[in-house]
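Order of writing sets the chain letters: A, B, C, D, E and F. Residues in each chain are counted from 1.
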């Protein structure tokens, strides 16, 4: 309990408050409600229901299309299949054990791990609230489920065109349990990072650094695609990619806005800064590319928008519109450099730039949150470097490095185990002929 | 009036309560509100507005794409046109007479038929509530309109590639008036099935059994496609189908969640079980196919997800997550068998498996609702077989057979009448060359 | 202040009331709330958050797909790029200065112009309401931002296949600042048209007449496409167009429903009439085409639906369902004639019929609002011709002509300036080979 | 050796293929083409602007055969592809001077 | 009989078709091809990776004509397809030994 | 002059193109075709209904060369396109009687 309360008062983001049972000061509006027995708020319910809908829409069809448009035509169905199957499989894994590890009470080990007490949603009642929020636990659990779906699904982009479908399913199952759920617990579920005061409104570390680093590890373990660097691997239909980017964008309003936990002023400000940051990063990437390569590309502006959305994710409840504007411009340019120059220089084949966008963008966002956080947005004590609180930058750095280290090691181990038992990569013939026909027995005609 | 009240106390699902004017016990929260003059609840309004948006999205673009991707390229536009035109035409038919038949007061005949008193939304005021719900009648009417759109639109899948567009328009108009609206009245509008205690939260009988049976009848009446069984009729672009499945899925949260009538705990639990059941059925279908045919197909997993959504539709307000999990697994496998083996064995050409998924899935869901319903979810008295209430299974069976019988006969008669006056099927030349060019004068280039 | 209050009492549409600081009679519900210190309403917040999401979805992916499907394959990426880039760029322009001009206080010039006091959202607090609405100013600003995005983005359809991307970006930036923001101020922001009592619920003049007229001017200034009238310029993929129309349609519920400012009875009635009018216009266009050209086309019904949505936009809070039905039928036929016969007769090349649908539809809608407005919907004093208030038609005419005149002149001047400095049209080679490859270095494979 | 090039209606492909297989001909190459001929196309209408679609979808089959097999092959194709209605298509025969199977290096008749 | 195969720029198709129709030639077969030649392609850049698009879209027209018509047909195509800029394409003429109209069974010159 | 027509596996296109470029051959025309031969296709399954996809995607390359260059070109293609596995494809050589470069009006060998 002590840990919990410490976590709240220090984090004081609603996001971080979710796991808490009661609270006293940091959130006046909610505190008021909590004075009496808190009652479900139908407006908060309405917005969180909607947020759940649109965050699911980020994965299907959003991510499916975003990735599907970028691969070659022979692999498009296999690629959309990965997102769709992830949505199905991870829903069940979340119900069985993921939710428990992330948001359960781990007892003595609670700093690291939520335990198994909430497996199969044990203890959930129909109208029980997820205090201090004014929404039911069932709604909180399904809202968080959509986060647990998209995070592993994002990794697919790094291994596109060459990973076995069966191995992919096993990998994401293990990864959700071993990597995602514990880290979600650390930050949002009452674990040590939340307690130490990391600011991560909607998942800069939990979702984006996490999936980005896992993507990089996976790309390195699997190796480059056959023909990488020599064959034409140009995206076959960027219309799909633009559609996907659009659904990711609009769904992100539920991702960041829903992380406010209700239909409140924090949610509204979160979507305003989300919009500004995404737009700024998209323009930054577009103009950077225009100046360096001579043409503004569709893939570039779409990638930049996603980069901006990643960058604002940890910051959405802590920064103001001007901060968001600057974060977007910085994030767009840094991710552009990471996904083009640096990637080429280093020579790894992160097919659809999961690391360059989510990993790097998540890192930039986490650090800049520590710089640009202002207390009139995030609440008392939620200040960043620009308001004189240099310590926050260190907390952010420490939190991200903890995440990176654990994620990289655990991902590597999981991949090696899967490789040992069933292999990771399709055979050469399949890679040449295309995954659609060989793995799924279907093609686009 | 008496019938009405009996209907409520026995059904006590909000869904079934919609048509009622007042109520006493079954719904404590609402009852409280009803004590004073009930006031519109802005949170409930917000969620029902959103639900309306996303249920419409199920038909356009959801169903349009789901079906459009499955036909051959020469018929894709004709197929998306059917969904789009259904959305337009049925909106008007609903306003003119459908709403009245479904939710009006039929006087002496009210057990079967809502009468013509609410034609053109007669009697609707701007701020009048649809008691006992805390939303306005205008919102209730447009929310229900989206159900009245998708149900007939679903039938199009059974007659894809060969039905005349003009005949299709006439058919769905008559079908909405003669089949859909009365059955909606029976179950939700104060009619005899609701009174007898059938549990149908969001339309297992009204929407899915209904459209599935009608599809089967239509497929039989129209006969098989030319070249069925010999020519390659492979889906031309399953990316569209996956997109369509995704929009159906996310929209279904409005379908099932909105059937709670507001942003309440019932809505939240409904979307949680919806997600679990859809995911479980998708996996069940995928693995069943993988084991029997050697490859997990994109079309398979998408079909399974829809099957799961169908199965949970009647149950969404009555079962808990574990029940939903089991229902999904059963439903996915049964629909897989129905849409593959059984269909082939019987030899009818239900082109896109409306019967195999919606008919069979709706039936399975209706029966299993009677098995898995638990009173801590649905409220007192809403128990199924597993809680010892074997009678509920019989009520469910009786309700579904009433629906099947009436629907099959009425659909057949309507089709025969349309056939007599204008024919049902395109000429052979059109079928060979493609409906797009010949019926609509357009092709995909 | 005086102007403001006059504007409210005479306009008394919530839409027009948005910019106001206090109010007395016209809106009883809100007035009540205003008596005490008004408090944020979570239900209203929830619906306006949702509306923001879905209005953004109208542009990306809605408009991108609607337009992208209608061009030839060689220009599809350039076309979707225009919508996407508009969403990015205009978000920033709105933050920098657009919002201030539209909804700021222009002091002595307030009848015409909102001034620069709210640049970069100056003065916005986290929880400050946008009185008399019960939502925060941050939410109001981002909701309105989505309107400021789609309006200039619509113009792209008139100049498709031939405008330079760089010039397009500069043009829409200037146009937002010089044309859109001031006109929004005139009607909704406390300016003279609102004060004079124009009824424009969600943007018939501000959005549609405005973009339609600008489109016509731009089409005339740029000249026809090379090969216009001789080469085959048939839409390459109407599946995209249907998808785009569907997202425009469902998003329009946020456009019109959100213009009620909250989750209230006005929002509900607005989406009901929106649905009716869109459906009626789609059918009207389809049958008109069927009778005159022998076939009902997919492009036709989709165009008709959009026309109906345009027509109902100014009227959504003022007319009843029957009025909406008639308005839809009239609007569908008029826009059909405008986009086919008249366009061909006059010979201008408004590639995707921005003028024929948005300009003409917006005009028809504005005038018919003055005819069909009924006070039981819009509130006391909000009557149209059919309730004996012939004056309203004149006010509507006067308002639309003020908009048309200013918009046409200002658009022409902006285009000429851009032409002078950087040219407007791509070179011939680019037009022949396609904009995708030459401007953006990408193609659909 | 001869190259037989046949332009046929798309839905006749399966029949032609099995007619050739029945003759023991193991290989062919197929492409999607558009044909212009006596058969008239249809009209597509977009918002009142009409476009004549003069070119109709056809399938082009190319089969290389030994000189001895030519006549049988031509008449097999002709029979299988015939509907008797306008637009059935054409068959052209021309000479091949040299043939090579890439996999094995076999040449001429052996390579077919 | 001869087979004229012309590789042309796509947007010249209509002009070539009407030039041939003016000569009284009723039939032709068209396909979408990609050409590689002196005309250089463009470069596509995707997140910094550049791909040279060496192959440019072209249209291939195949027309079978009687020997008497060859010269007129070739020069009609050449005139209609010419822009004078690099990439205009090529015309090849080769011999056809035998022709058959599938619908009627007519052969050789009668089948064209 | 001769026309070399090669049917190859799609992913061999780049290698074949550069082999020809190395010989100094500047032009070629490429199309996407479907091939039927000894190599068997795969099966696609849709809700339990199986469809045999008999035709496999191939690339057809057409290169017109002078008679002197034929042999070099054929063997360059053969070498570049070879994987040694079934389905590698075929090369056909036939005569061209006349060639014209549309842009300049040059003919025959000069037009290549």
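Criterion: a contact is a pair of C-beta atoms (placed from the backbone, for glycine too) under 8 Å apart; a residue touches a chain by one contact, two chains touch by 3 or more.
In this text the structure is predicted, and so the values were computed from the model without any measurement.
Peer 1: If you take the chains that touch subunit C and keep only those that also touch subunit E, what is left?
Peer 2: Touches both subunit C and subunit E: A, D.
Peer 1: Check the residue numbers that subunit A and subunit B use where they touch, and answer same if over half are used by both copies, otherwise different.
Peer 2: Both copies, subunit A as well as subunit B, present different residues to each other, with under half of the numbers appearing on both sides.
Peer 1: Higher C-beta contact count, A-F or D-E?
Peer 2: Of A-F and D-E, more C-beta pairs in contact link D-E.
Peer 1: Which of A-F, B-F or C-D has the same interface as C-E, meaning more than half of the contact pairs match by residue number?
Peer 2: Having compared contact pairs by residue number, the answer is A-F.
Peer 1: With chain centres taken as the means of their Cα atoms, state the distance from subunit A to subunit E in Å.
Peer 2: That pair's centroid distance is 53 Å.
Peer 1: In whole angstrom, how far does the Cα centroid of subunit B sit from the Cα centroid of subunit D?
Peer 2: Those two chain centres are 48 Å apart.
Peer 1: Which subunit E residues sit where two or more other chains touch them?
Peer 2: Each of 31, 44-46, 94-95 in subunit E touches at least two other chains.
Peer 1: Which parts of subunit B, given as residue numbers and ranges, touch two or more other chains?
Peer 2: Correct list: 41-44, 46-47, 50, 54, 234-235, 263, 293, 295, 297, 299, 441-442.
Peer 1: Which pairs of chains touch one another in this structure?
Peer 2: A-B, A-C, A-E, A-F, B-C, B-D, B-F, C-D, C-E, D-E, D-F, E-F
Peer 1: Can you check the complex and tell me which residues of subunit C touch subunit A?
Peer 2: 40-47, 49-50, 52-54, 56-57, 60-61, 64-65, 68, 76-77, 80-81, 84-85, 87-89, 91-92, 95, 120-121, 124-127, 135-136, 138-139, 141-142, 145, 165, 240, 263, 439-442, 444-445
Peer 1: Show which residues of subunit C lie in contact with subunit B when the two form their complex.
Peer 2: So the residues of subunit C touching subunit B come out as 41-44, 46-47, 50, 54, 72-73, 234-239, 242-243, 245-247, 249-250, 253-254, 257, 262-269, 271-272, 275-276, 278-280, 282-283, 286, 293-299, 301-302, 304-305, 321-322, 325, 376-377.
Peer 1: What part of subunit D is in contact with subunit C in the complex they form?
Peer 2: It comes out as residues 44-51.
Peer 1: Mind pulling up the subunit D residues that touch subunit B in the complex?
Peer 2: So the residues of subunit D in touch with subunit B come to 11, 14, 42-46, 53.
Peer 1: Going by the contact rule at the top, pick out the subunit F residues touching subunit D in the complex.
Peer 2: These residues of subunit F touch subunit D: 2, 6-8, 31-38, 54-55, 58, 60, 70, 74, 77-78, 81-95.
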